[in-house]
Amino acid sequence: MPVITIEGPAGISKEVKKELIEKVSQTAADIYNMPINTINVLIIENEADNVGVGGKQLSEIK
Amino acid sequence: MPVITIEGPAGISKEVKKELIEKVSQTAADIYNMPINTINVLIIENEADNVGVGGKQLSEIK
Amino acid sequence: MPVITIEGPAGISKEVKKELIEKVSQTAADIYNMPINTINVLIIENEADNVGVGGKQLSEIK
Amino acid sequence: MPVITIEGPAGISKEVKKELIEKVSQTAADIYNMPINTINVLIIENEADNVGVGGKQLSEIK
Amino acid sequence: MPVITIEGPAGISKEVKKELIEKVSQTAADIYNMPINTINVLIIENEADNVGVGGKQLSEIK
Amino acid sequence: MPVITIEGPAGISKEVKKELIEKVSQTAADIYNMPINTINVLIIENEADNVGVGGKQLSEIK
């Protein structure tokens, strides 16, 4: 712990995931003033059909 | 915020997801008395092998 | 399962929670075409200090 | 990772939490065949007013 | 309720999932002193690219 | 969406939460290349009794 879950769009590259993990972990470690090895990150990829924003299906907004 | 996560069965159609998003968002907006554009919905699809109900694997119950 | 988690504002009344549970459960049961006794709902109350919308602390927006 | 989140009733003792953490972590470590030091557990306590089971508010069922 | 979400590695077998469901549910039922039929379990499978441990992408650590 | 949930320690100040929200949101917006107003953040505070790390209760490790 801490555990940071990032619910985001599907289909992002391995490099984008790597950058998210590195930078979000470092940001949290710095602000919480905790060692970075305590930080866990989970990136969840959500298809646009499965996401609602403002009552609309994201795939319908695009 | 609010963010509503719906952990449900896998393999539902786009139309079912659309209806879930629309009706759950509207229900929450009405009851919270908040504008619908503040409501986020995430539909997560779970395979029956990955779900336990009462200590049993859902795919074994069906 | 299904399990519906509603991350919303803190300080809502018991009656509002009751209405959310009843109506969101019924909506999900109808749309998933599943018996209502399979539906679990968890209402999580979030203080405005703990919520970010568009990069801003919700308590700072109000 | 693994991260195990246990959404359960509020008001359980420190000892019950300790036992949950120890036994659930060991069970997961054994079955996943992973070292126990990789296992994180989060116990979330939910008031009965905030929980819906079968469309009913848990505090109303008791 | 209780609802136990197990965020773990991807690619585990149906039998491993079954064992996780059975043993984690029984452990929780015993410790919470609640009937096992109240326990829900969700097993989420995470690809190593999507997981950060100590600021590093899990697929890069292996 | 995206929705970023940060499960961290309890008892952090409003300023720390504000900084977490601002910096984690900006980091995610930059890396996802999405407008910052699409980013939601939820900070969850966990008591040390409720957290397990490596099979041990966090409050017992300190």
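Per-chain residue numbering starts at 1, and chain names A, B, C, D, E and F are given in the order in which the chains are listed.
Everything that follows uses one rule, which is that contacts are C-beta pairs under 8 Å (C-beta built on N, C-alpha and C of every residue); 3 or more make two chains touch, one makes a residue touch a chain.
Here's who's who by UniProt: A, B, C, D, E, F = 4-oxalocrotonate tautomerase.
Values in this document were obtained by computation on a predicted structure and should not be read as measured data.
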item: Angle, in degrees to the nearest 5, of the Cα rotation that carries subunit B (4-oxalocrotonate tautomerase) onto subunit C (4-oxalocrotonate tautomerase); value: 180
item: Chain pair among B-C, A-E or C-E whose interface repeats that of A-B, sharing over half of the contact pairs by residue number; value: A-E
item: Computed distance of Cα centres, subunit F (4-oxalocrotonate tautomerase) from subunit D (4-oxalocrotonate tautomerase), in Å; value: 20
item: Subunit A (4-oxalocrotonate tautomerase) and subunit D (4-oxalocrotonate tautomerase), separation of their C-alpha mean positions in angstrom; value: 23
item: Shared interface positions of subunit C (4-oxalocrotonate tautomerase), touching two or more other chains; value: 1, 3-4, 7, 20, 24, 38, 40, 42, 46, 51, 53
item: Category of the chain touch graph - line, ring, star, complete, other; value: other
item: Pairwise chain contacts under the document criterion; value: A-B, A-D, A-E, A-F, B-C, B-E, B-F, C-D, C-E, C-F, D-E, D-F
item: Interface residues, subunit D (4-oxalocrotonate tautomerase) side, partner subunit E (4-oxalocrotonate tautomerase) - complex; value: 1-9, 12, 16, 19-20, 23-24, 27-28, 31-32, 34, 38, 46, 51, 53, 58
item: List of subunit D (4-oxalocrotonate tautomerase) residues in touch with subunit F (4-oxalocrotonate tautomerase) within their complex; value: 4, 14, 17-18, 20-22, 24-26, 29, 36-45
item: Complex contact set, residues of subunit B (4-oxalocrotonate tautomerase) against subunit E (4-oxalocrotonate tautomerase); value: 7, 46, 49-57, 59-60
item: In the complex with subunit D (4-oxalocrotonate tautomerase), residue positions of subunit A (4-oxalocrotonate tautomerase) that touch it; value: 1, 3, 40, 42
